[in-house]
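Two complexes follow with chain A in common, the first pairing it with chain B and the second with chain C.
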Partner chain A sequence: MNGLNRSFKGPESYRNGSSYRLLPMKFMRFRDDRYLVTSMGGDYMFLSQTKLNDIVTHKLQQTDTLYPDLLASHLIADDSSTAHLDLLAAKYRTRHSRLPSWTALHMFVTTLRCDHSCQYCQVSRVSEDRESFDMTPAIADRAIGLMFQSPSACLKVEFQGGESLLNFDLVRYIVSEAKRRNDGRQLEFVITTNLANLTEEILSFSEEHGISFSTSLDGPAALHNANRPRPGRDSHAKTEEGIERLRQRLGKDAVSALMTTTAASLDQPERIIDEYVRMGFDSIFLRYISPYGFAVKSSARIGYETKKFVDFFKRGLAYIVDLNRRGIFVRETYTQIVLQKILMPGASGYIDLQSPAGMGISGIVYNYNGEVYSSDEGRMLAEMGDRTFRLGTVHDTYEKLFLDSPLLPMIHESMLEGVPGCTDCALQPYCGSDPVFHHRTQGDFIGHRPTSSFCERNMAIIKHILTLLEDDKETASILKSWL
Partner chain B sequence: MTSDTQPITTYQNDVTVLANKDVYSMNNILRTAHRFSDLYFIDVQATDGTDVRILLKAKSAAGEEPSSLEGRFLNELLDGKLREIIAEESRLERDVILAHALSRHPVLLKEYEAAEAFTDPVGLLTPDET
Partner chain C sequence: MIPLAAKFQSRPEGRSFVARLTNDKSLPSPLCDDEILVSRGDEPAPSGSYQGLIRIAGAAHSEEELILGDEFSYLDDGDIVRINEFAGELRVLYRKGSYHNVLFFTERCNSRCLMCSQPPRDVDDEYLIDDILEAIPLMSQDTKVLCITGGEPTILGWRLIEVLTAVSRYLPDSSLHMLSNGRAFAYRATAKAVSQAGCRDLMIGVPLYADIASVHNFVVQARDAFDQTIRGMMNLARFNIALEIRFVIHRQTVSRLVQTAKFIARNLPFASQVAFMGLETIGFTRSNLSVLWIDPWEYRDALREAVTMLAAAGMRVMVYNLPLCLIPEEIWPFAQQSISDWKNIYMPECAGCAMKAQCAGFFASASFKYSDHIRPFDTVSQLPSFSII
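Right, the complex of A and B next:
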């Protein structure tokens, strides 16, 4: 029960009679006779079917031991004051606090060129043709101007590719220009890179400007190199060397890593996690492969059924929990995001688990050629010929891009509160909406939840995490230590 | 069973559920049916009497036992009924919470603080005249 442990109850708890009101709540059959019930503010309780019936039909007595917890979880209210409304509204507002200050994350695709030809990426071009695939300073200037029109007090500039460092001159230009034009925002810079082209010059510049790095690490050398081919077949060695150099120069936390799960990963979650631990990372994100960057013909080779991913995820999470039990502190990032949504009041910054969808609101992409996209996935789809998520170009006004483009209808249509299936789902406060995924896999922004692999994956993972919190005290305390 | 006029292959474990219109709303029946649309093709027909007939045709031969499917559907209908009671009883509170949470300005005015929770003394829920 959501952290509420009441040994003693006040006298008011022992009054007789039932004069409570129901507050908005959602419920779902969880397993056996148990129901998961969630409030508008994201509180949750597990109840038996009989108890749920009693509550809804006003048969629950104030003397019932569950009564105070139902009040505290904002599932019922029993007095005429509006304090519960204030509290619940404050919780709901906090959960959506990213809305008024959009957009914090600004992704600049500095080039499409790349020295890797990864199995799950068809977006990049192995080409020396700078003219065709590099962003120019003129385009970057317009994009920086748009970025500073965002109302967000914090602006995070993320350099994306291709391999973003193949156009390092532009990275340097954007960092310098953004700092020069900064009107008092908190600025942060992250370079997404495969680290194969890390030079002394890049290290010095990054040290001077406090830039951090995000790289890809798919697991042990054999798996990583198979997923991420490059001339010399030394991607893993280059990545490891780059991580080491960055840590020595910029500190241990200056570099994070992301893994992508391919079919070849499915039978080796332990080896992948061990590799992260060996390289000194204290977190790993067991990430589902996105259906954007590769053609349908590749999906049979590197893709897999959602159920197989869920099994992989559960096995990996069990192994991570076991490592923690043995004194090795390492977290699984998706679990951490879900736990934050279940147990913490704040808003999640993770774009794929937001409603309204995070596209445009949490992040926006300036492509190398000046086109503006509502998300990185939308940009990848465009490289494959589907420009649905193109909002315009850097030459458009901020108002046109955000208010007079396809963005608002997309966001509006895909809000979970109105999506068939999600409207009644008790996991809604912890879940999100992913219009690009549903457009790509099911043909519209909403999709069909009963057959959506996004829904299948999230429902299985969120239910698994709730089960661990509820059934296994030792695991629950390890998971809570990740927050 | 297949036929030229019926393009969907039907299996022996297709199930027809009858739901009483006086007990279950059409909204509830349709929401419930949608939940089963992963594994079943669904046809909903009003009858002349008090029933709505819901036909569930398995999409593959590996459908579940008819009695279990029917039971699961009826249980889901019952859940839907509870959801309707909750939604009806908490509608005003839900709207006030949303108005309060998503407004840039404090919405719960002094007058409102002193009022019953399920009244709307400052007219928050009345749309502006255009």
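Right, the complex of A and C next:
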């Protein structure tokens, strides 16, 4: 090399003489001539069909500008280094680094009773019969004991219903007991509630114990009230008032909201998002409706095709990006989850888009009657008569529930690494598995990807996000700011 | 720039010793064993049982006095020097009031970087470690940070551990920053031994010059260096030793600057911080200047992209050794005043620059070759808070 002092060797001395090898890679055609290629560690590149052909037929020259990028993305390897094996292994391990800590989320169904009769809800009962539908302290005690057997350093207790607050005495009992029995874990408490029954007593207890809230907000009043009927048709007003009270007492971040997309939502993503922004939320989760609960029975009224949901999602996301461009900071949560999986090396904490599936091993449900379910959806199916996802009861041992129950085979069978269709799918590192959905809609935990609406929806959304990252610099920088 | 070594008339029968300076003329004799009394100008110097006497900027009052010029007037109470009367040499080992105290371990190295500022020599210099081990017990308990550098400190093997252990015993509250090429940590045992030395706050700065082996190995002129360094970094993580990844930007590394940032975010997210560093035009850099020099102005966009990408990925990012007028304002919040005080200068162009107080400035060696784009600022710019939109 010209100008290099003669005591140094030139760059050619450090280049590799041999040809390259292919590392495990998956590819998928996007549009036209463009292919997405992903590595085992989740690195990705977009390549033209010609280049991809050259690469896999070992025709790519070392002088090609893509060559170093392919090496660094661990798509190919040559004799210049063997560290890629250590790095790939570390990346793969990092992406699964939550597994050893096992179950962090523990959902307690404090009661099945509810004062709403939501169209998409299967599980709740409008009933005053406390005896039959409330969790007892004795059951809660057993469940708390199981919770503390989890190796996780953080334990998140989520109170579910029905309307969880209709059995507030038990909420209070569980919080106090968990704190009393805490052996050094980081404890978090979240109450999932429609906020209609918020009392001063609940507020001050929550303030004292640092409890946060999660509620439902489907959009503007007309839509929200239509989805969530309640005597008086005032669910929206009650929710708004509840959010305000919680924020005043517990701080702005103490309450988050979830929206459920129904057929009536599909033509108004902008209005739904505006409603979230108006209420001061800085994120919104454009959530697909699951085919459980009433959703199946009343699907004619509130269900929709996957394609319509995807259009709704894309339109909503475009609107949110546009709000950001205008200086209004609001994020879409599913996009954020997917971006994290695409751009960051760490393990995603989102239970419903993981492989192995998050059910049981990331979150577990203790039902009001003492039954233990691998997920909330599994519990809902049971209410419809399908008890596939019932792992046992709180009276079983921890070992029996987790090791000697249907759990591990279900998780094992549904891992994307081995699922036909997913094994070869370039989106696999960013996707997840949903055994409950596939069991429910296709009859087994594995499912059939070409006709799976889970796959259709996620493939469309993940492809859309990757396309935005690749093609639209401005949108990409807004999306990256959500990480 | 301040001088750290002095020559004086050698004394064939003289001593060689490490001692601490004191201004206290009436120190009780039992406390004088490790102390050298410093007098200035014409002030009288009592004869006591001090280890030695130094006079700065004045005429000798006695034969014992060692005379230093005015340029040493910065020396102060608590500083530590090695005096070798036989060789007629004084070296400043430690300055109590400085944030830039360097423990210089060795001149030896197993790499030979194109831009090494301290070209390695294969010499027997273990006396450096002996000095350091003598000096550590004399250092102030209030020492905030010590920097270990070389050469390659890990070349010393167990003697490195000896120094780390001494620091952890005598200076339990001090932070240690060690610069290493990281190759030795490819051996788990080395990383483990360092982790067990008991240092409360140790960070190891390891350079990575590219995301691919061929470029990194060329820059450090060693065939397996990339693999060893990568494995070394992973072992540091394995033993919970804080890691700083250092990327020196020059013409041979700049083409992989952005890609290396991405590589770090994806593969080495456990690093505590990532530093992008301007080139110091000294040592080997001068021999290879034409293949290394690039005006930082030319890579400012790439630097912005690399810094913002890592920051967005949640990593702590630093920009070292680059003047503010050469980097985009957007990444000013990451710029550090990183150049050790004793070799830090500003250029004639900087006169009247409103940002001088916040600017890293230049290495003293830079007057040799520096950017054509130095532009003083008329007004103080508010450092923008970081946002990637």
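As a working rule, the second predicted complex is superposed on the first by the 460 of 483 C-alpha atoms of A that agree within 3 Å, B and C clash if a C-alpha of one lies under 4 Å from a C-alpha of the other, contacts with A are read in each partner's own complex, and residues count from 1 in each chain.
Keep in mind that, in the parts below, contacts are C-beta pairs under 8 Å (C-beta built on N, C-alpha and C of every residue); 3 or more make two chains touch, one makes a residue touch a chain.
Model, not experiment: these values are computed from the prediction.
Participant: Look at A:Met384 in the shared chain and tell me whether it touches chain B only, chain C only, both, or neither; answer first, second, both or neither.
Facilitator: The answer is neither, since A:Met384 touches no partner chain.
Participant: Just checking: does A:Asp86 make contact with chain B only, chain C only, both, or neither of them? Give me first, second, both or neither.
Facilitator: Both partners, chain B and chain C.
Participant: Considering only the touch criterion stated at the top, classify A:Leu203 as touching first (chain B), second (chain C), both, or neither.
Facilitator: Touch partners of A:Leu203: none, neither chain B nor chain C.
Participant: Quick check on the superposed pair: does A:Leu22 touch chain B, chain C, both, or neither? Answer first, second, both or neither.
Facilitator: First partner only, chain B.
Participant: Looking at the overlay, what does A:Asp424 touch: chain B (first), chain C (second), both, or neither?
Facilitator: Only chain B; A:Asp424 stays clear of chain C.
Participant: In the overlay, answer first, second, both or neither for which of chain B and chain C A:Leu323 touches.
Facilitator: neither
Participant: Answer with first, second, both or neither: which of chain B and chain C does A:Ala226 touch in the superposed model?
Facilitator: After superposing on A, A:Ala226 lies clear of both chain B and chain C.
Participant: Between chain B and chain C, whom does A:Leu250 touch in the aligned arrangement: first, second, both, or neither?
Facilitator: neither
Participant: May I ask you to decide whether A:Ala72 touches chain B, chain C, both, or neither, giving the answer as first, second, both or neither?
Facilitator: second
Participant: Please identify the positions on chain A that touch both chain B and chain C, taking each partner from its own complex.
Facilitator: 80-82, 86, 90
Participant: Provide the residue numbers of chain A that touch chain B in the complex, in ascending order.
Facilitator: So the residues of chain A in touch with chain B come to 21-27, 29, 40, 52-53, 56-57, 77, 80-82, 84-86, 88-90, 92-93, 96, 99-100, 420-421, 423-424, 448, 450-451.
Participant: Give every residue of chain C touching chain A within the complex, in rising order.
Facilitator: It comes out as residues 112, 114, 211-215, 217-218, 221, 223, 226-227, 230-231, 234, 252, 256, 259, 262-263, 265-267, 269, 284, 287-291, 312-314, 387-389.
Participant: Would you tell me which residues of chain B are touching chain A in their complex?
Facilitator: These residues of chain B touch chain A: 31, 34-38, 75, 79-80, 82-83, 85-87, 89-90, 93-94, 96-98, 100-102, 104, 108, 112-113, 115-118.
Participant: Under the stated contact criterion, what part of chain A meets chain C in this complex?
Facilitator: That would be residues 1-5, 7-11, 13-16, 41-43, 68-69, 71-72, 80-83, 86-87, 90-91, 94, 324, 343-346, 477-478, 480-481, 483 of chain A.
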